[in-house]
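In what comes next, chain A is part of two complexes: it sits with chain B in the first one and with chain C in the second one.
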Partner chain A sequence: MELRYFIIRRILLLIPTLIGLTLLTFILVRALPTSLLLSQYVNPHSTLPRSVQIAHAKALLGLNYPVPVQYFFYLSALFHGEWGFMVSNFYTGPVLTGIEEFFPNTLQLTIFAVILSIIISIPLGTYIGSRPNSVADHAGRIFSLAVYAMPAFVLALVLQIVLGRGAITGNPLGVFPISGTFNYALVPFPVPSWLTSPNTSALVSHPTHLIIFDALIHHNYAIAYSGLLHIVLPVITLTLGILAGIVRFLRAGMMDNMRQEYVKTARAKGVPENVIIKRHIRKNALIPTVTVLGLLFASLLGGVVLIEDVFDYPGMGLLGINAITSYSIYGVMGVTLVFGLVLVFANLIVDVVYAFLDPRIRY
Partner chain B sequence: MITEEQTKKEEIQPVVKVSNLVTQFFTYKGIVKALDGVSFEIRPGEILGLVGESGCGKSVTATSIMDLIPDPPGRIISGEIYIDGFNTLADLNRQAKIIIKSETNVKVKRNKRYIKRHNFIMSHIRGNKISMIFQEPSLSMNPVMRIGDQIMEAILLHSKIEIADSIIRRETMTDEDIRKFYEDAVKTKTHLDLRGFVHKWSQDYGVAEAEDGIIEIIERNDQNAIQELKNIVAEQKTNIKLKYIQLEREYERYNNLLFDLNLQLMEAESKNDSLKINELREQIKRTQAYIRSKFSGYRLIKRFIGKRIEEPFRREARRRALELLKLVNIAGPDRVINSYPHELSGGMLQRSMIAMALSSNPKILIADEPTTALDVTTQAQILDIMKDLNRVTKTSILFITHDLAVIAEMCHRVAVMYAGNIVEEAPVKEIFKNPKHPYTVGLLKAIPRPDVKVNKFEKLESIKGSVPNLINPPSGCRFNPRCPFKMDICEREKPKLVDIGGGHKVACFLFENADGSRKEVE
Partner chain C sequence: MAEVEAFKIRRKEEKKRSARMEDFLFTLKLIFHNRIAFAGLVITLAYFIIAIIDYADPRWLGVSNLSDALAFLHGKAYYPSATLVTPPTLAHGWYYWLGTTEYGIPILPDMLAALKVDLTLSVEIVLSGALIGLILGTVSAYYGGLIDEAMMRITDIFFSIPALILALAIAFIIGLTFTNIALAFIIVWWPIYARLGRSLTLSIKNMNFIEAANAAGSSSARNIFYHVIPGVLSPLFVQFSLDIGTVVQLFAALEFLGVVPVDPFLPELGRMMVWGETYLIYGKWWAVIIPAIFLMIFTISVSLLGDGLRDVLDPRQRR
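== the complex of A and B ==
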């Protein structure tokens, strides 16, 4: 089957997937005790009796309808952009606006991490995979196992201590700032309009909400450079977390394919060894690696919540954590839904790449 | 001019000559003595069958000839393999030193420089002078590459110069061609015909931009028209595409020169001819320096627009691949060339494998049980194709199988292997009519034959005992524990191949040379 038909079919398959995703987030909310939800609507100082207040709130939230009908109310609210309201120390305002302001930061971290890890891991995996049991192989394996075994937040702390500016007095390697999106001391006075947000204590830039990009647009190169320095440590932490997995899978795939019959055929044709590795073995070895990449992306999203907390980087993770600690159910719902969406689309990309690499998949 | 003597000499020279080939595998359990001094030769245009039980070393012989023994654990220990008159194992001792401390403790000290050179030389020989097809066609093709791409890869590796020549020939017109074209064009009756004619021609010769100009000239129909036409074609011809094709051809030519020089150097080294060695080393260095200086810019460009430079080569290679697929009787070659291996049947794949193996007109094709994994009807078709190819292109074939019926059908001569030795070698009729070695006799008796009546309750005769363990093979003749005619000498000495007349050779103490001696024959 042609690749483009596969892609079209795979995109059509997104529709049931997304319906399933909304169903899951809906069930998540319905599984919570309703009294927690209702408690926000009860005013202890009101003259109205408690039971009447609860009845009013129930009617207001549509909780008297059957559950399937409620699901359609939920869907319609989603499509109308009514994702609820959240109150927390970190952010207060409509959930959708909060996601709009903080999601770009998370996306920026993960995309940088994915690109960087692919750029590093594929040549590295090819190199050590084609030289099994060499010194480079052992070194690479020990390194990747060590990084793989280390929890992301421990790695983050180690990097902060080793490479962080001011973490330890006189740290010779301390170049990179350890928290925030950029150096607030660089903000000019009065604060320019592109740097303010009515809802949050953090400084949020406009129009893309990505500080590096917005600063460049507004010709504030000092802030852009500072922003760039600030993402280095979180991106390295995230990269190392998934890098090891890719390298190990690629290495195993290379070694497995090296023993296959078709490699013997290629040698019998007179193909030089380096071409055999690049053209024949690696393309086959990448197939399982890409599958793993899809799974690793999920762990990356989990990791980004911790990393944003450790580096105090205002993104979806921090928003989610604050929504949880301030009992903001709509905030949790919104963040969950967005993470779910990202994962679904990331897997779509993985599937397309997979089909591109392996013609046997396109049935 | 080739004199009669020369042709005669070429006829005699075998395409592959293997002598005293010893291949061993160093495993944790001990040294597997897989080949123990195998010698045979394959003459031009001949099909030699190599037959024996599984595990007797047929495939190891084939992979040793191709130099595809997985290392580690295996290595060719000694011997000579002449491919097209050249010994590919000439620098075997320089490549690695093998230190055997005990059966399970063997160290191989490799010399990277010589191994690298050996691989360079072998990659020019493999797929070029000698090709191989394998047992499992569905596993032997890369699952993620189209059949066409895999065949084209083989073509582009070894026939780039020829391809460049044919592109240049096709794209360069002579005066005579243009005159003939002009006359043909004037003859076409209507304007519509003329347009079609010119369009097709200008597409073929890559001067599509000049189409309108050419038509205008032909319609004016004056005496100077031909000259003008020539000018237009000449102008369009100095295109950048042709320049790159020529550069690529030159590059390939120098690479081939480097290969030749390395071959000569290897030969000189084995003869310890120090004068020639120095001279050749100097020459190789100069050639490498020349390639670096002349083609470094080109190679840099190629890194960026490599696909566009390769494009005309690929188009021509595709044309050749289609021809090859037609040669092996594939139905619908246009469809097959774009298919992936999983979309084709075993028979189709094996045909494609043969097409791939034949892409550079090899001197010899090694077929390692090519029909074992196929069903019977497909088997017959594949065998027919190989037989036809042998007849038409005069390609020699080394046919490895355990199926004696296939041997009888296909081969001119047969070599019987047992536990890493060739025990008997004879023309095919001779083997079936007059087998000499006790093992061959047993082997032939073990075939069920419809013409020989056997009592229903009687078992088919089989050779007693089983194949020996090659880590500790029997001393002397390796067949002696199973041999019904065992003598005392069989345990002490290894029998040599003796010629008992009519090209029939046997390695057994029961027989001696036609002249009564026991001297080994070549």
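== the complex of A and C ==
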């Protein structure tokens, strides 16, 4: 099968998954008692009688229809961008607008973490894997186990104490800020229009909602630099969380491939050792590693919720947590749905990359 | 005549049992020879034994908790302040070896008491998830066809949302209490085992011994419970041992996020870390780092044990 057809087939397989995903969030919403759903639409201060308000809300939510029909209403609302409304201390407004404002931050953290972990883990895994049972190997294994076993938020707290500015007074290593997206003191007095949002107390920048890029676009280099400093610690924490997994798999793959016949052949014909390791063994060892990337990305998305909470980084995680603590059903479901969509598409990319690297699985 | 028959049957059973015993002893021997796995086994057992002792009689551990601490403080002018958080010291007996946390609760006995709650919770969650997943996975894979396809689509849906977030969403719907979050974790946890059980069943179900069982007139249900599930168990057990540590961590994380109501009277590692975090900025690191390391040791030893078991139970390595 050509790669093209594989991709088309894979995208078609996406449809049942997406239907299931929306079905799951729909079932979760409908699992709530109807009165609880309706209570959000009843205004005790209104002059309209309560029964009329309830009837209106029922008609609005389509609760008079059978449940399967309601699912289609739900889908149509999703497609029309009506993801509901949420009220919380952190953000108040339409859920979709909130996701639009805070999702870029989360995406930025995860993408930086993925890139950084790949940059670090591939040379590290190659080095460790090509020297099994050496000191570096044992050190690497112990380190990866320790990082794997440490709760993510404790790791974040430790990093804040060791590298965070102001966490401990007089710490020479304390360079990096420990909370927020950038230093608010740098905001010029009449707050520029690109830095304000009507819905949230956090300063949200426009047009990309990523403070680093927006500040660069608007030529405010101090803010851009501050934004860059602020993502260092969260990204390091996230990176450490998935680094261990990649290194472990790469090491196992390297050791598996070391014993293969083709390596002997390459040695016999006199290929230099580092070329064997880099070009022959590592390329083959990377193939199974790509498959775990999807799983690791899922754990990364779970971890980002914690990390955003510790570092007070306004992203999807904080939005979700605030939606939960302020009992905003639609906020919770919107965030869940978006995380699900991200994971589904990440898995799609991983599968396509895997098929590209290893033609065997296309058949 | 009948006696002879009965004797023969008993003899046969004894032989079977002794073969099983030998197999078990051989497994133990292999674990014993793998030093890292053995260390993992010893530490894990120690953790569980502490929890069991605590179940038998909490006084044996001399466990202290918030009610004890409050009773002790009763009558004194009491403010919940940082002065009660004292560093690790060898001066006042083993109670205070690891220092105290909020309300002056000594950390060491509190951690030992916490094991009871945490290990029970994680074993409950993982065991229920594993049982549900195992049965659904093996049955769907054994029958195949439409059931299997439906099963796979359902697990796909569960895998398409990060576990932590899905558990939060489910717990949010059924109500954010301690028990409900455990329930949500069970709902999130079974698909892993269903997948694993399914893939293992697929590799087993076409083997000759299943065919032989069929030929001998064994029913499908008997096949599944007597022939397929025993073959599937050992890899599942490895996954089980790896998950036990993860669940305690996830629970601690949820408490840290502030979505689980923290019960101050319930000794629990996550609660201890959440309390300790408040004092971290005062330089009182022990209140959070020590419970974290305690949990870390458990997770590490459990996963070392799991890795060791994977090697030991692998039939290719047993020969």
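Operating definition for what follows: the second predicted complex is superposed on the first by the 344 of 363 C-alpha atoms of A that agree within 3 Å, B and C clash if a C-alpha of one lies under 4 Å from a C-alpha of the other, contacts with A are read in each partner's own complex, and residues count from 1 in each chain.
The rule we apply is simple: contacts are C-beta pairs under 8 Å (C-beta built on N, C-alpha and C of every residue); 3 or more make two chains touch, one makes a residue touch a chain.
Treat the numbers as computed from the prediction; the structure is a model and nothing was measured.
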Would chain B and chain C fit next to each other on chain A once aligned, or clash? fit
Between chain B (first) and chain C (second), which does A:D137 come into contact with in this model arrangement: first, second, both, or neither? neither
Degrees between the directions from chain A toward chain B and toward chain C, using C-alpha centres, nearest 10: 80
Is A:I321 touching anything from chain B or chain C once the two structures are fitted on A? First, second, both or neither. second
Between chain B (first) and chain C (second), which, if any, makes contact with A:A149: first, second, both or neither? second
Determine, under the contact definition given at the top, whether A:V158 touches first (chain B), second (chain C), both, or neither. second
Which superposed partner A:E82 touches (first chain B, second chain C, both, neither): neither
Who does A:V271 touch here: chain B (first), chain C (second), both, or neither? first
Can you tell me whether chain B or chain C touches more residues on chain A? C
Contacts for A:D309 in the overlay, against chain B (first) and chain C (second): which applies, first, second, both or neither? second
Figure out whether A:L357 sits in contact with chain B (first) or chain C (second), or with both, or with neither. first
Minimum CA distance, chain B versus chain C, superposed model, integer angstrom? 13
Parts of chain A lying in touch with chain B, wherever the complex brings them together: 260-262, 264-273, 279-280, 283-284, 287, 357-360
Name, in rising order, each residue of chain B that touches chain A in their complex. 66, 68, 119, 122-128, 131-132, 134, 136, 139-145, 153-154, 157-158, 340, 342, 353, 356-357
Would you pull the chain A residues touching chain C in the complex into a rising list? 16-17, 20-21, 23-25, 28-29, 31-32, 145-146, 148-154, 157-158, 161, 167-168, 298-299, 301-303, 305-306, 309, 320-321, 324-325, 329, 332-333, 335-336, 339-340, 343-344, 347
Taking the touch rule as given, give the residues of chain C at its contact with chain A in the complex, in rising order. 153-154, 156-157, 159-166, 168-170, 172-174, 176, 245, 249, 252-253, 256-259, 273, 277, 280-281, 283, 285, 288-289, 292, 295-297, 299-300, 303-304
